[in-house]
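In the two assemblies presented below, chain A is common to both, partnered first by chain B and then by chain C.
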Partner chain A sequence: MHRPTTKIAAAHGQWIQWICLFILLAGVSPVEGARVGDYVETHWSDQVARFWSFDDPAVRFAVMGTLLMGVCCGVLGSFLVVRKFALVGDTLAHAVCPGIALGFLWNVSKDPLAIFIGATLAGLLGTVVVHWIKATTHLKEDSALGMVLSGFYAIGICLFSMIQNLEVANKSGLDKFMFGQAAALAENDVKLMAYITLFSLGVIILFYKEFLVASFDSVFARAIGVPYLFFHYTMMVLLTFAVVVSLQATGLVLVSALLITPAATAYLLTDRMHHMLILAAFLGALSGLFGAFLSFLGNGLPTGPFMVVSASVLFALGFLFAPRHGWVPRWWRRRRRTARIQAENTLKAIYQVMERRDFSEDAIRVAELASRRNVSVAAIESELSALVSYNFVTRSAAQPDGQFVDDKTIAFTPSGWQRACEIVRNHRLWELYLTNAALYAVDHVHDDAEKIEHILGEDTVRKLERCLEHPENDPHGKRIPTTQNLHSYAPPGTGPEGRPTSHGGHT
Partner chain B sequence: MSKIDSERLLPLEIHDLTVAYHKQPVLYGIDVTVPAGKLVGIVGPNGAGKSTLIKTIMGLIPPSSGWIKIFGEPFNKAVKRVGYVPQRESVDWDFPVNVMDVVLMGRYGRLGLLRRPSKQDRAIATACLDKVKMLPYAHRQIANLSGGQQQRVFLARALAQESDLYFMDEPFAGVDAATEAAIIEILRELRDKGKTLLVVHHDLSTAQKYFDMLLLLNMRLVAFGDTAEVYNYESLQKTYGGRLTILSEVASQAARNVSDA
Partner chain C sequence: MSVWADLIPEFDLEEMVVAPWTAEFDPFGWILLMGFLVAFTCGLVGNFIVARRMALVGDAISHSLLPGIVLAFMLTASLAIPVMLVGAMVAGVATTVLIEIIHKNSRVKTDAALGIVFSLFFAVGVILINLYTSEVHFDAECVLYGEIEYLTLAERISLGLVEVPLPIVWMLGVGLVVVGLVVLLYKELLVTSFDPGLARSLGIPVGVYHYGLMAVLSVVIVSAFEAVGVILVIAMLIFPATTAAMLSNRLPVMLAMSLCLAAVYAVGGLHLALILDSNIAGSMVVVAGSLFGLVWLFSPQRGLLVRWVHSVRQKTKYAENLTS
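This part shows the complex of A and B:
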């Protein structure tokens, strides 16, 4: 059964070596099985062309088979994933193992029907045993699943070794049920896959709302008269069918990955069940196609591992880049939030420097800001260039009195003034709220307000203002900018009107 | 039976109901007859069998003995006239559905097999969401809701069932005061429309204020009647006083003997 991979690898250059490395890593040796068409030693680029032209009927069957399988497993697997039944798929797949062997022994041939029936019965028996152990003992489901998975698989392996020792013809190729060989799919196999896939999709579409409510809330489903157990076992039967028809292409060791991985990827990408089903079908088909393609590049490479590697790569992409739950978008959002908070803190510091001069001047010097922020001028420069890029401040504002003629001065733009006022207002309102309503000590409120000022929305601000009866000063006696101050920005050079001053009057 | 007759029938009749759950008896010989148009609180200590009672009525747990009739019929014949709010923790709130999807599930029982929710079903679901003030959240994924909002969604789903008899399992568990007040207001409105509601409730102090009738439960039916009559020291002492511990101990012993035999 085990053959060295090196002989094949040598002929196909580095690309094939990489693929074989994958297989070695997976602990799998390519098994001798049926070949795609009349395979001859060709360059890998010829193989690529041959695959994508779909001229070869064996390629067409392999592709159709793996596509169907990906769709079927993706859709049915979605229900396993959302119901937290992932291990059920794995158990089902391993439980069919003795059924395949017994189906073969039935009339000592690879009769597809006998193997199909044997595998289906064994799979269903596995689920029944799990249910039975769970219902009659205090063992929990995971133990029952684990035992049935390995127990049935072990029986299957024993039977397989027995068959290997039998002096019968036809027994070669039986091992492709372990790791799968899409290239060995014949027309009849693909037809059976098509029937099963269409049947499964039909059942899911017809009874979508029943499957949905039974998966989300089984208690409620039963309370509204949905025959929950009927739909539960219908799902189990469909899953068993899906596993059994997928065996030739994927192999029973890895078929559960095709039930789980595309569905899990889809779960990361959407939060509606029907979108998830469609996405999982698409991702499953894509994994199937890639798997068939990669395994076609070499001689008799198993399809299953390549399909699962493809599905896993798609999952990794989803994990990294899914818009809402993906790692990269979350990192990017966090980074942007940090940058925004820093910019807002700089705006606030500029405001405070101006406030200390009672807003008598429209621009301040960089050095003043640096000392206020307690950082170096260089650090302030980079913060300022961010503010300039947001169009919150301008540099080197022209001063009529010529006081700040060097280019190291900073002035607000109207939007920068507004944002600075908002932040200062949020900060001071929150401090006042904590002191008055939440009875904080005055010296405890600053740190909390430093965080809250960046996240208060306008609605909350209105509520705070009402709750505090439109206050004028914060607990430390500083003026709180009003909405009017925010919007009546006076551009540099026209004087300080419209800005709150520490001596009361504001327009 | 004509429609008028069936409407005159009692919403709920329970006769000599005994329930064992995981071989452990939890309810003994319950006899209750609930009249129409009442807001009934089911009150009792932890483990008194409150949830078990309503789950048994709804056919989710098979009774060991006794019978239950809903509007004069067994549950499976009256299923469309019964609405249900399960405990909030009973579902996975990460499930890929939005608020509207969940509320539409309230219509599934009426639709029957093979039919999709129609425009009218959507209109009803929208109205129910509005009623619980959750319409702005209709398209939000259910994981992004607070506990009180989740409870409102479950209530809206039950409203969408348009039933005559409602069972609610701890609808006030883990909700804020505002939500609790809003929910009780909706329950009273339903009651005023002639609906009958049985509500499992944990908090004795508010039970007296909220409900027309109380069903005091502690494995046995301790008392059932108008709140004014039932809410007294003696009944509450019986319900919470732990005098039934011997019954419970002997019952589990008996259950062990049976299962070992």
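This part shows the complex of A and C:
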């Protein structure tokens, strides 16, 4: 710390405060050198052409670096995301901070190897401390992670401020290790990334089964003799490697996003771990490519934040549109299911109205249906138009005997008749099952059956029928349409034969 | 190795220990007071945050504030504290809402949702700064170090007898509001933090308290981060609570301990910074971390030492039982 008195002497009034706040705002914005765009000052279309032609060696290295980083972080991050360990990456990224300072102090130079070793050791120590705190205190994981993150980071900050006060020559570029510089990646950095990526992928492929079982079920892993702690720490070593090499391109705060976001997107897209790893690697590489490209478009734009934004956009797309787990498909499925249940309930109501008349008439009036369903005629109309569009009922009811001449009458089509019979059968079978096999009271079975009638599959229906010895009547004494006569039933209006008769329906 | 010798200046009792309390009390007194206020206010809120297992939500919010503050600045072209606070509060609450949306509507777990949201916000903040405020020179050191020393350069306003730096007045105000809220809503905060199910059955609006706490947290973080930097704010949130939790199970005791710990952090941090010639905020956290380490080892109920003695005793007792 400088003596405050000297700072007061150098005071320039209030604007220093302004600048200070701005500096605070700047966050970990990459400092000089972190900008692909610095190399050129041209129109953006030229920039696009320049980027995709890959002629510029700086562009080539930046792209290769970000691609490798995306692959490496995506694969390793997948294991974090499935283990609910996502924030370990964040903690690791901050915990390497004192290691970088100590690596520098080792022989007072920015020797990449010393810094790499220092950072890796510090990161590993951080994960060990998290593990110890969790194992020996009642404190929860989030507190342990937060303490290690901020505690190690503070040690790093103290060391850095002490280094700044040192009278040595080559301390100036040190903060670049913390702020990242994708554009300034040199051939050696990219080579190191390639080695680390290949090594990590090799280890994971070699011990895939062990990592898998250690990630998903640590107790089972121990039980079958997989050394859980060994694989836990192997994963931590690989992660630390990945974080340390990625720091150079993305900066300390944002490196955890490269571990989490592509892996979380992949997690939304698939249920198989090996698919997830491949997808996460692909998505990570895609984010890296887009990030490098977007930052190249403007002048003086940092790469890391654009990689994160690209990865987040991909995540948003996955969140909304993933086939199985996406929000829109799930919303659509839910809507369709609601519509189907609605239609089936209406079909059932039509059946019940007909049944009350012993199926003596082939069509019913809208008003009868509305009073049966206990809703307004307008609501019935919209339900009916849905049924008509499914081709379950017809609205033209010109009967030969002229009894229903108005077009406000409803008649089943053959498919509608069959569906209605199925729903009624499901309902009544289930009621009977609950009363006979599960010993429910007769007046308690309706609500349950009301829900399950839409879900029961044909095989379950067969089982129920066998189990109840092919019953004829439900607990309320109404007739159950059965499979044997279901298909031989003609819908009302096509002929009298095969119609079920309501048995005791008027009691 | 001359570097290591150069790294730490020679110890000077007069200048490093005595002077802050006598001759140079003017700057150092304010720094101490600011450090104490930051640590105490954060610690008070932190107790509830840690109890809710949301320690890392504090981390997320402290990063997410960035775009909120930048947008507030871009819209109003002013750096007045209330404008910053509104921006920060909006960003903070937006973060928690977004985390909840992702967590509730997909299979992604809370921790991953947290990581995704805060990195996105932070990245957007950095991009906005780069796109629209690039004429200002950024010195990234400052955000790491948290320049509590700049306090002495701040505008001062007169409060009766003494001229007080404005940030201290502001932090004092935030601290008093937080103390007032904790006293007034103590029971509700206690119940919603430790047993949300019970709170709901008692008719307490859990959601309101959750988002209210997040809003207060955002205000505290944005008021404090000027002094201690973006990332060290989290340390001030977590360390008092966890250190106190190693020593006591009672929330009132823990809250009182936060007060004492804040004083120790401020005094210890200042002297450590003077001795090592390092950054004050960083040193405060190093002191906080070391105190946690001590408590972890020597806590009378839960310390490693006590646990070890206990397990040895149990083993001998077991052995005696076997042999007798």
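One rule holds in what follows: the second predicted complex is superposed on the first by the 383 of 507 C-alpha atoms of A that agree within 3 Å, B and C clash if a C-alpha of one lies under 4 Å from a C-alpha of the other, contacts with A are read in each partner's own complex, and residues count from 1 in each chain.
Everything that follows uses one rule, which is that contacts are C-beta pairs under 8 Å (C-beta built on N, C-alpha and C of every residue); 3 or more make two chains touch, one makes a residue touch a chain.
Everything numeric here is computed off the predicted structure, so don't read it as measured data.
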Comparison of chain B and chain C by chain A residues contacted: C
Contacts of A:267 with chain B and chain C, given as first, second, both or neither: both
Which superposed partner A:301 touches (first chain B, second chain C, both, neither): second
First (chain B), second (chain C), both or neither touched by A:165: second
Touched partner set for A:84, first chain B, second chain C, both or neither: both
Touching partner for A:53 - first (chain B), second (chain C), both, neither: neither
Partner chain(s) touched by A:374 [first = chain B, second = chain C, both, neither]: neither
Which superposed partner A:389 touches (first chain B, second chain C, both, neither): neither
On chain A, the residue positions that both chain B and chain C contact, one per complex: 84, 267
Interfacial residue positions of chain A with respect to chain C in the complex: 1-2, 4-5, 7-8, 11, 14, 16-29, 31, 81, 84-87, 89-90, 94, 105, 108, 133, 136-140, 142-143, 145-147, 149-151, 153-155, 157-168, 175, 178-179, 253-254, 256-257, 259-261, 263-264, 267-268, 298, 300-302, 304-306, 308-309, 312, 315, 319, 325-327
Residues of chain C defined as touching chain A within the complex: 3-4, 6-8, 24, 27-28, 31, 50, 53-56, 58-59, 63, 66, 69-70, 73, 79, 102, 105-109, 111-116, 119-120, 122-127, 129-131, 133-134, 136-145, 147, 149-150, 152-155, 225-226, 229-232, 234-235, 237-239, 241-242, 245-246, 273-274, 276-286, 288-289, 292, 296, 302, 304, 307
Of chain B, residues touching chain A in the complex: 55, 58-60, 76, 79-80, 82, 84, 86, 90-92, 95-98, 101-102, 105-106, 108-109, 111, 113-114, 116-117, 141, 143, 157, 161
Chain A - residues contacting chain B, complex: 82, 84, 206-207, 209-210, 212-213, 215-217, 219-220, 222-226, 267, 270-273, 275-276
